[in-house]
Structures are given as C-alpha cells and as structure tokens.
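In the two complexes that follow, chain A is the common piece, with chain B as its partner first and chain C second.
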Partner chain A sequence: MNIERRDSAGAVVVGLDGRLTAAVAPLLRAEVSDLVAAGRTRVVVDLAGVDFIDSSGLGALIGALKATRVAGGDLRIAAAGEQVRQVLRLTNLDRVLQVYPDADGAFDGV
Partner chain B sequence: MSEITVAREGAATLAFVEGLHGALAELAQGAPHVAEDDLSLFSLAVIEIATNIAVHAPQGGPAVSLSVELSAGDELRAVLRDSAPPVPLDLTATTTMADALAESGRGLAIAAAVCDELSVERRQGNLWRLVRRVGSHSV
Partner chain C sequence: MTTAPLADFDDAARQRAIEELGILDTPRDERIDRVTRLAQEMFGVPMVSVTLLDRERQWRKSEIGLGGREAPREDAFCDFTVREGRTVVIPDASADELWAANPFVEGDPHLRFYAGHPLLAGGGERIGTLCLLDTKPRSLDEREQELLRELAGWVQSEILRQNELDDAVAVQATLRPRTVPELPGYEIAALTVAAGQMSGDLYDWYAIGGGVRFTLADVMGKGLGAALLAAGLRASLRTLPDREVLDAVREADRLLDADVAELGTFVTAFHGHLDAGTGSLDYVDAGHSLGFILRADDTWDHLVSTGMPLGMGLPELRAQAHAQLGPGDVFMVCSDGLLDVLDPEDPFGQVRRALREGGVRGALDEAGRLARGATATDDLTVMVVARESVAAQERTT
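Right after this comes the complex of A and B.
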C-alpha cells in the first residue's frame, strides 16, 4: 500500500491504494497520529484506490477517527469502492463512517 | 460441476496472509460460475481467520505453520490448519459485532456473518473450516 498526503481546503487528504489490511493498518495509524501531533486534525482518507479492506483496516480508520476527534478535529472517508462499502454495511460502521463522494469536498460547508 | 482447489502453505505471518490474496484471485479465476459478491465476502472471511491466526501466533517459540486449502464448486470452502497451541475460543460468544468505536474484535464476527458454516477443531493445532454456499444470499 502507498500513502500520499496533500492539502485541500483546510483539510489534509491522505490517499491510500491497494489493500487496507493488518499488514499495513499500522502505517495509516502512524500517518494520522503524526498529522494530529502536527495540529492537522481535519483529515480525509481517500479510499478511491483501495480495493480491499478488512477488520484490521476498519480498526485503523476508527482509531484514526478517534485521534482526530480527541484533538478537536474529525476524520472523513471518501470515494470508497463497492468492497469497502459492503464491509462498512456488514459491520454497521456505515453510520459512523459515512462515505463522502469526493475527497476534496468532504469538509465543504464546515 | 467441476471443482477447483488452490492451496498455500507457509509460516503464519501477515506477509503470508497478504499472499493469500493471490490464492483467492486464482480461485476466482478458476470459478467463473461464482458471483463476485460471493467471492468477495468469502475472501474477506478467509483473510479474517488467517489474520487472526497470524496475529495470535505465539512469539519467541517455534514458528507457527499455516496451511490453507481453498475450493470452489457448489460452495466455497476453506480449510485452514495451523500448528499453534489450541485457541480457547467460544465461537458463539465471539461472533457478536463489536461496538461502533471499537478498534478490534470484528474479525470473527465478520467471518461468522458471511459464512454458512464456521467451525474450529483442536487437532494438534487448530483446524478451521469455512463454507459459503453460492448464490443463496441477499448480502
């Protein structure tokens, strides 16, 4: 999995690709933890390039969500494909992590 | 219906689990009659169980080995055999979905939700069996 970071209208977009599983979940946790430590607490995780997520990947997203909220920010996910949406529904996490259509618009109007 | 089987064997590590994605893709290629949703959810269950084995493999002792056999015919089946100490696990108790903000503990619940059969036997290690019947689900 690759992680890339870019700025977008007051938020940081973290773009992932490949599989978000136990092997790489710690990388996402570390990335968001670094951002929050640097005061960047509005984070969008762009899932457009992610073709597979499992419970470890979901756990990393939830951990990252909590890290941003504790610091007064928020984490949003965007552009998730069908497999990711399926797993979010299966775990009832679609209510906690709603999918924004586009990473660059995820914090619009906030 | 012809049946296809794909097998992998190695040390129970997360790298080995990543390699299973290739095995699952091979199974999918050999089973064009199986719907994408069935394959996708079955793959998720296999990865959850294999990840569980790799993450809970005792550190410091002899390496835990893991062999995985995947097959597709009228149903999708997986058998995962590890050499780890028996898992003290009550499947009926651990298959409730975790709370929304929990960061772990969803793996077995996911596997149970997408499989028609999920069992573990202690036999010189642990023997996991997963079955998902094909084309009979709404999810």
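Right after this comes the complex of A and C.
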C-alpha cells in the first residue's frame, strides 16, 4: 500500500490504494497524526484505490477522524467503493464518515 | 562418572519447574526451531539443541543434526551445564581430563566441541540448555559466548511466552458459558473458533426472570489484546444482571470509551433479552448488524442495527429495538468470521438448509467444520436460539 499526500483547496488529501487492513492501519494513523501535529487538521482520505477494508482499517479511519476533530478540524472520506460503503453501512459508521464523491470537493462550501 | 551433583543445585525444583511448564514431549515449535537454525548458521556447527532435563533423560524441544529428541541424562554435557549454572565451553573434549572418557566422546557421536548456556524457568530454576556441538575441536571467543547467551535468552522467552499464552487460553475458555439456560420450548447453543489461540469474539448468556440475557460481541482485531478487551466487556455487561439491556450497553460503551479511546479500537456487539413466555426479544445492536431470524416459513428477517460500535468515543444516542420470536422461528447472531466461510453466492440458503436439515446442533457442527477447514483469518462465533414449532410443543405436552 502506498500513501500519497497532496494539497487541495483548504485541505490535505491522503490517497490510499490496495487493501486497508491491519498491516496498513498504523501507517494511516501515523500519517494523519503527523498532519495534525503540523497544523493540517482538514484531511480527506481518498479511497478511490482501496478495494477492501476490514475492522482494523475502519479503526484507523475512526482514530484519524477523532485526531482531526480534537484539533478543531475534520476528516472526510471520498470515492469509496462498494465494499467500503457496505462495511460503513453495516457498522452504522456512515453516520460519522459520510462518503464524498470526489476528494477535491469534500471540503467545498466549508 | 564426571558430572557428580553439585551441592547447590536443586534438582527437585528443576523437576517441578519443567513439569509445571508442561513442555516435555510437545511438538516442535517453529518459533524455537528458528533460533536453533539461526544458531547453526551463526556458529557454523553441525549440531544445535534446545535440551530440557527430565528425571532420567534429556529431551530436545528443538534440534539440528542430533537425529533424535531423547538421550540419557547421565554423563550428558547439558546436565553438567545446568548444574553449573553458567556458560560452559569445552573446546576439545578428548583433550579435557573431565570429558575424555565420556561415552558421548569416546563413543558415538564422538563429540569434541561443546558450548552450552542454561535456560531458566519463570522462577529462575535451571531447566535445560541451548547448546552447540561439533565432532571437531573449536573455540568460542568472548563475543561468540555473548551471542550464545543472547540466543539462549531468546529461546527462554519463547518457552515462557508460550506458557503464559497456554494459561490465557485456559482462562478464556472458563469465561465462556459452561451450561445452557433451561428454557422450556427453546433450544440455545453457540460455537466459537479462534483464528489464533486467543479470540476477540465474545459470547455469553445467563437465565434471568423467565428469559435469557445474551451477548455476542466482536472486538476489532484478534489475539491477546482483543481477548483482554472482550473479557472486560463481558464483566461490564454482566454487572447488575437484571437491568435493561439498553442501560447495560450504555454503561459498557462509557467504560470502553474511557479505556480504549487512544487505541483506535472498537467493539461491535449484539446484546439482547428474550422473554421465554412471549418470545419477545429486546435488543441493542451496536454496529454489529449480524442478527437474523429465520422465520417458520423459511424467510429471513434481518434485525436492524441501531447504533455505532462501542468504544468509538463519539457521542451516541443508543436505542433499544424489538423483535418477536414465534413458534418455529430461529434467531441467529454471528461474528463476521462466519461470512468468510459461507458460500458467498447463497449464504442465507446455506444456513437455512443447515438449520432445517441438521437442527441447531447439526448447523453449529457444520459451521465448526467450515471454520476449521478454512485457513481461518478471523475469529468465528455463532449463537442460535430456536423456538419450538407448535407441532413440537404439542408433542411434548
């Protein structure tokens, strides 16, 4: 799994690909924690390249969400595929992690 | 006889310690074999052994080049090292007056070089050695001796860690229900299979006030850490056994939030109360979404999940939901490990056939076979509560 970081209007986009599982979860958490420490508290996680997420991956997303909110920002997810959406729906976590269609538009109008 | 007992060695303590570890005559362990392979590679010797001492024999948990796992203890180098309690290096046994006449030196396998370091049990008892052997003389400089001690320490911690884990597995087993509540007109059963040795799945039940209170929960991740959280959750949900299921879940959530907020972990759970007389089922589903009822007419109802998982550290209004279990209905809740082993084309059909053809017990047996047959990557737990059909009730009355 690669983690890519790029700037977008008013936010940082963290792009992932492959499987978001226990092996990758700590990397994502560390990445977002670095961003928050650097004052970048608006984060979009671009899931366009992620074809599978498990509970550890969800845990990393939630951990990252909390880290940004504690620092006064927010974390949003974009372009999630069907499996990711299904897991979010089943766990009711879609209520805190809404999926935005496009990473660059996730913070529009904020 | 060159290895007369030294006065300060307590052989009875050694025997107690090795028996308590329960390691003698167990299968090979890859984690320890890895260290012996590494030792052979690092020292370039033909023989390496993790030797443990029993009453009259030495038994090898791991060995390379020795061709057997057992040998007499009498006259053994390792017995000497254990008694001495220090690193023993014998560069050339045939030139050493203490060892030249030793049967392992004079006779087969004609050992010349020996180096060993003692292994200690949890209470400091010396129970065996990690040792290097060669049929050619050689030396071991101070740096190499230090390396041997490091590797012995590694073997020792692997042995003790396995022992702790075995204890933990036994404790977790005792925390599972050992009896099934007597509920006239109902059949209740569960199955759980861990992916590794410890499970992050939890199931529990107890009879209360003419009904049964039950829980199925899945802690994120698996293994020892998840199992610790599962045990804590079980205790929390069991506190004040007759309170509303909603109150129990709210309190468990609050405790988990306080405990695990920093870990980025969470728990999905189904916690419910079934009233036996009416078949009324009150439940709280915390992000679990894997509760179902197979109706008497073979249709499925999915019990809607009403909340986010526990321990999220996010504000959450929880709600209790309700379902009705009629005669001939079967309630089932599982962890997502079951989904991994079911036929992805028709999971509901597969479960329905298993329940209708094999009954509750037969269906769980089949789930167990599937779980153990697959290369399980997740813990798997299933709980089933079946209400007798009207016909069955009439037969028994």
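The working rule: the second predicted complex is superposed on the first by the 110 of 110 C-alpha atoms of A that agree within 3 Å, B and C clash if a C-alpha of one lies under 4 Å from a C-alpha of the other, contacts with A are read in each partner's own complex, and residues count from 1 in each chain.
Everything that follows uses one rule, which is that contacts are C-beta pairs under 8 Å (C-beta built on N, C-alpha and C of every residue); 3 or more make two chains touch, one makes a residue touch a chain.
It should be emphasised that the depicted structure is a prediction, and the values quoted were computed from it without experimental measurement.
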(request) Put chain B and chain C onto chain A via the superposition and say whether they clash or fit. (result) clash
(message) For A:A9, using the defined touch cut-off, is the partner it touches chain B, chain C, both, or neither? Pick first, second, both or neither.
(response) neither
(request) Kindly classify A:Q86 by the partners it touches after superposition: chain B alone (first), chain C alone (second), both, or neither? (result) first
(message) I'd like to know which partner A:A22 touches here: chain B for first, chain C for second, both or neither.
(response) both
(request) Tell me which partner A:F52 touches in the superposition: chain B (first), chain C (second), both or neither. (result) first
(message) In this superposition, which partner touches a larger number of chain A residues, chain B or chain C?
(response) B
(request) Scan A:A30 for contacts with chain B and chain C and give back first, second, both or neither. (result) neither
(message) Out of 39-47, 57-65, 219-227 or 255-263, where does chain C collide with chain B after the chain A superposition?
(response) 219-227
(message) Per the definitions at the top, what is the overlap between the chain A residues touching chain B and those touching chain C?
(response) 22, 55-56, 58-60, 62-63, 66, 90-93, 95-96
(request) Quick one: which bits of chain A touch chain C in the complex? Just the residue numbers, please. (result) 22, 25, 29, 55-56, 58-60, 62-63, 66, 90-93, 95-96
(request) Name, in rising order, each residue of chain A that touches chain B in their complex. (result) 19, 21-23, 52, 54-56, 58-60, 62-63, 65-66, 83, 86-87, 89-93, 95-96
(request) Would you pull the chain B residues touching chain A in the complex into a rising list? (result) 14-15, 17-18, 21, 37, 40-41, 43-44, 47-48, 51, 54-55, 97-98, 100-107, 109-110, 113-114, 139
(request) Provide the residue numbers of chain C that touch chain A in the complex, in ascending order. (result) 218, 220-221, 261, 264-266, 268, 287-290, 305-309, 312-314, 336
